[in-house]
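For reference, chains read A, B and C in written order, and residue numbers begin at 1 within each chain.
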Amino acid sequence: MVLSVKQIAEKIDAAVVGDPSLEISGGGAFEDAGGDQITFASDVRFLKQLSGTGAGAVIIPEEYDGFDANSVKGAFLRSKNPKRDFFRILGLFHPPKTFEKKISPGTCLGKNLILGRDVTISANVTLGDNVCLGSGVVLMPGVYIGDDAVIGDDTVIKPNAVRMERTVVGRRVLIHPGTVVGSDGFGFTPDQDRHEKLVHAGYVQIDDDVEIGACNTIDRGTFGRTWIKNGVKTDNLVHIAHNVVVGANTLVVAQAGIAGSTEIGSNVILAGRAGVSGHLKVGDGSIVGPGAGVLKDVKPNQIVSGFPSMPHKLWLKVGTLIPKLPEMRKRLASLEKKLDQFEKQ
Amino acid sequence: MVLSVKQIAEKIDAAVVGDPSLEISGGGAFEDAGGDQITFASDVRFLKQLSGTGAGAVIIPEEYDGFDANSVKGAFLRSKNPKRDFFRILGLFHPPKTFEKKISPGTCLGKNLILGRDVTISANVTLGDNVCLGSGVVLMPGVYIGDDAVIGDDTVIKPNAVRMERTVVGRRVLIHPGTVVGSDGFGFTPDQDRHEKLVHAGYVQIDDDVEIGACNTIDRGTFGRTWIKNGVKTDNLVHIAHNVVVGANTLVVAQAGIAGSTEIGSNVILAGRAGVSGHLKVGDGSIVGPGAGVLKDVKPNQIVSGFPSMPHKLWLKVGTLIPKLPEMRKRLASLEKKLDQFEKQ
Amino acid sequence: MVLSVKQIAEKIDAAVVGDPSLEISGGGAFEDAGGDQITFASDVRFLKQLSGTGAGAVIIPEEYDGFDANSVKGAFLRSKNPKRDFFRILGLFHPPKTFEKKISPGTCLGKNLILGRDVTISANVTLGDNVCLGSGVVLMPGVYIGDDAVIGDDTVIKPNAVRMERTVVGRRVLIHPGTVVGSDGFGFTPDQDRHEKLVHAGYVQIDDDVEIGACNTIDRGTFGRTWIKNGVKTDNLVHIAHNVVVGANTLVVAQAGIAGSTEIGSNVILAGRAGVSGHLKVGDGSIVGPGAGVLKDVKPNQIVSGFPSMPHKLWLKVGTLIPKLPEMRKRLASLEKKLDQFEKQ
């Protein structure tokens, strides 16, 4: 596909500075893009070296003026949100896979299936009984959906992901391969010298516009629900235990884990491999740093880091001092020695 | 389903204080349960506020007396183990899925399959050659069982779990979705400038009454076995390397990892994201705290925490002092300054 | 199968000291091997106690002389690389599974499939469109291969692994069960109060002789490729984010994670649960210790450990001092007190 700079500008409502007739056939990274590609520059690092890209066109912030209009083959496009708009254009060159709206042979459908319009059920999919699939749902190969699950319109479940019974999934949700939603929480009670399994009578509810990464494990509630609210995005290999609540638009980065019954607020960021203990609250707008271990509540709009977690600014200092422990210990010993000598005098 | 308080009391052998005729239609959490639901109170926190639940019936410890018999609509039930008994009753209201005892179309069975009675093999299951499945085994959709695997009576393997060749699984084992048991250990030896793969001739043995969480990886032995003993329970995303032994009734919480040839004793708890290095021994009855990194042997009945791991009580102090490193450093500098001044005098 | 010591010696080009006619029927660990088994001793620990093994034959280093030729039933075999040669012999007793070179019924093949010779496509495999499979490729049950993927000769993909669209896999690659290669990177950009998904137009390239463990997640590039170079080996539950480059012959141990756009050099070792932040470089030949958190570049041939990471030798000291923080604090307070008294005098 080829689009002129003019056509691109219209799609993202951008003003053009330069040649609107240049033909663009794709997008590229700032450093790598060629003369028939478009790129973007949204932060100072790239804006300062605009003449350094080989891209034919560059999307820049609306208000930015520090560029030489002749430094690109084609044009600059002024945008309210260069990164967002660049990726929207990139999406035109890489349209999402379209699926044949059909039920493939080799699927196994349970009893009382309720189907919306234009549903895709791929090969080797298995559905339990009383499943309800909204319009436009896509189940890719090898997916398993348990009994009584409800999946909202336009949700896409990638290959070999597993949704256990009673899971409720909203609209426009994307679940990546290998992820398991709705298996039993880790709950046992001692009975004599063994652990007796607790029935997990609850379910998982995933609201609209959620994206769940690959090989996540999201357990169902003991009673009630484990609840992933609107717009949450999780990366790969994330663990979310029974009865956890993750607030709207929160981001959970790879290998993070949230223990049972913890409530994560909205617009929170849990960085890579952050861990949060059970029965805690992490307030709205907070950030938990990479590898941090949270063992107590975090108030809203706090940044915490480290293991055990502490205010991020403090952790930045602590992180530089931990390697100085041997030096500190030497200084301590030297002081003790000096003071001993004083005492002897 | 509906059960009277009297019927419930009989099932758990509990004495009733109150109205045995009240009809109960389910279980709920202490804070949420309604008048037709049962709940339980087993620790002081809840026992002190028994009148605060809306539940129609409450299971309490046998010997407890500090309650007002009229504070619930129905009755109190005196139990030796309120939590266990509550979940047993909850299980009556949420009976486990029953499976049609049949081999679904669309399965692929290998040669020399040996089958017990009442086996369920779901759609899209593939079995290798010489597989032996005990009576009552349930293989859910998408499961793969390798050659020469043996699976004991009444074991349930959830969707898309993979058991590689020669794995031996006991009776009443439950394996959650996406888990891989019996793949090669991570073993290589240098050969010139590359890593040569070592043959993994061993297998995984899982004993009776084990539960393995979702997306676990349990590698087979280099020689001999990786061995998960009776009653072990693992949470999600747990890694167990080649030739590890996990002792009876040990709990391994989410995202924990055990490196090669390490022996974990019986009745151990590895908390979430605990890591244990290779070729170590963790003694019976020990507890390894959340996120702890164990780099040396742990004696029986120890509690260790932290990274690197140390006695838990020490870690509690250390954890409060790590954030005080900047303050300690300032105090050290101030002492040095003062002492310098002394010296000058 | 049975091999004489003489036959074994010929296969690994080893000199025999002892009885070449002894028949060997398998291999075993040094401590466990029996009289009809072979074992190996390659380090001082085992070489010092050669008479302690029950093995019928022992492979030892070529130049080693400190043994009593009569201490084994059969013979010693002198080898340039005892461990490597032992495992090569073990591989003869445990030959890899051979596959019927056929396309099973119950597979779902896309359009425009290009097939080499002797390809095995097992039951319940699904292929997208325009897939190219080299000669000798084995796809085990439940594998999904997306559109436009290319898989090189003699590559084996284990059950229920998922390769998303456009993935390029080299020759003699082994991918373990449950692993996901080529799903979207974790990339979003703020748009008003929500996160807008960024198109991931890139792909994953895996070069020759790579082995990827079970339940790994390797994301595709935002643009361009995530690149796993020749001879890389990863353990289980490893996360490799979009646009990461992993250099040749690097080892990545279980539960390690590499954030987006980071470049790991060649011949690096990332130990278990090591984490590396995004946009960093870890130089050739470096080692990152277990559980280490790398937040800045690592130069070539460095060893770093700890959280945050520091030179390994320093970490060894620091690791012994962290548990001494309470003691250090007491000593500090004691010094302050003494100095106060001095001042008062």
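As a convention for this text, a contact is a pair of C-beta atoms (placed from the backbone, for glycine too) under 8 Å apart; a residue touches a chain by one contact, two chains touch by 3 or more.
Only a predicted model underlies this, so the values are computations on that prediction, with no experimental measurement involved.
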{"item": "Angle of the C-alpha superposing rotation, subunit B to subunit C, to the nearest 5 degrees", "value": "120"}
{"item": "Same-site or different-site touching of subunit A by its copy subunit C, using the half cut", "value": "different"}
{"item": "Inter-chain centre distance, subunit A versus subunit C - centres from mean C-alpha coordinates, in Å", "value": "27"}
{"item": "Sites on subunit A at which at least two other chains make contact", "value": "106, 124, 142, 160, 178, 215, 237, 255, 307, 322, 325, 328, 332, 335, 339, 342"}
{"item": "Parts of subunit C lying in touch with subunit B, wherever the complex brings them together", "value": "27-29, 32, 81, 83-84, 87, 90-91, 93-94, 97, 104, 106, 122-124, 140-142, 158-160, 174, 176-178, 209, 211, 213-215, 231, 233, 235-237, 249, 251, 253-255, 272-273, 290-291, 307, 319, 322-323, 325-326, 328-329, 332, 335-336, 339, 342-343"}
{"item": "List of subunit B residues in touch with subunit C within their complex", "value": "106, 108, 124, 126, 142, 144, 147, 160, 162, 164-165, 178-180, 183-184, 186, 188-191, 193-199, 201, 215, 217, 219, 222-224, 237, 239, 241, 255, 257, 259, 275, 277, 293, 295, 306-308, 310, 314-315, 317-318, 321-322, 324-325, 328, 331-332, 335, 338-339, 342"}
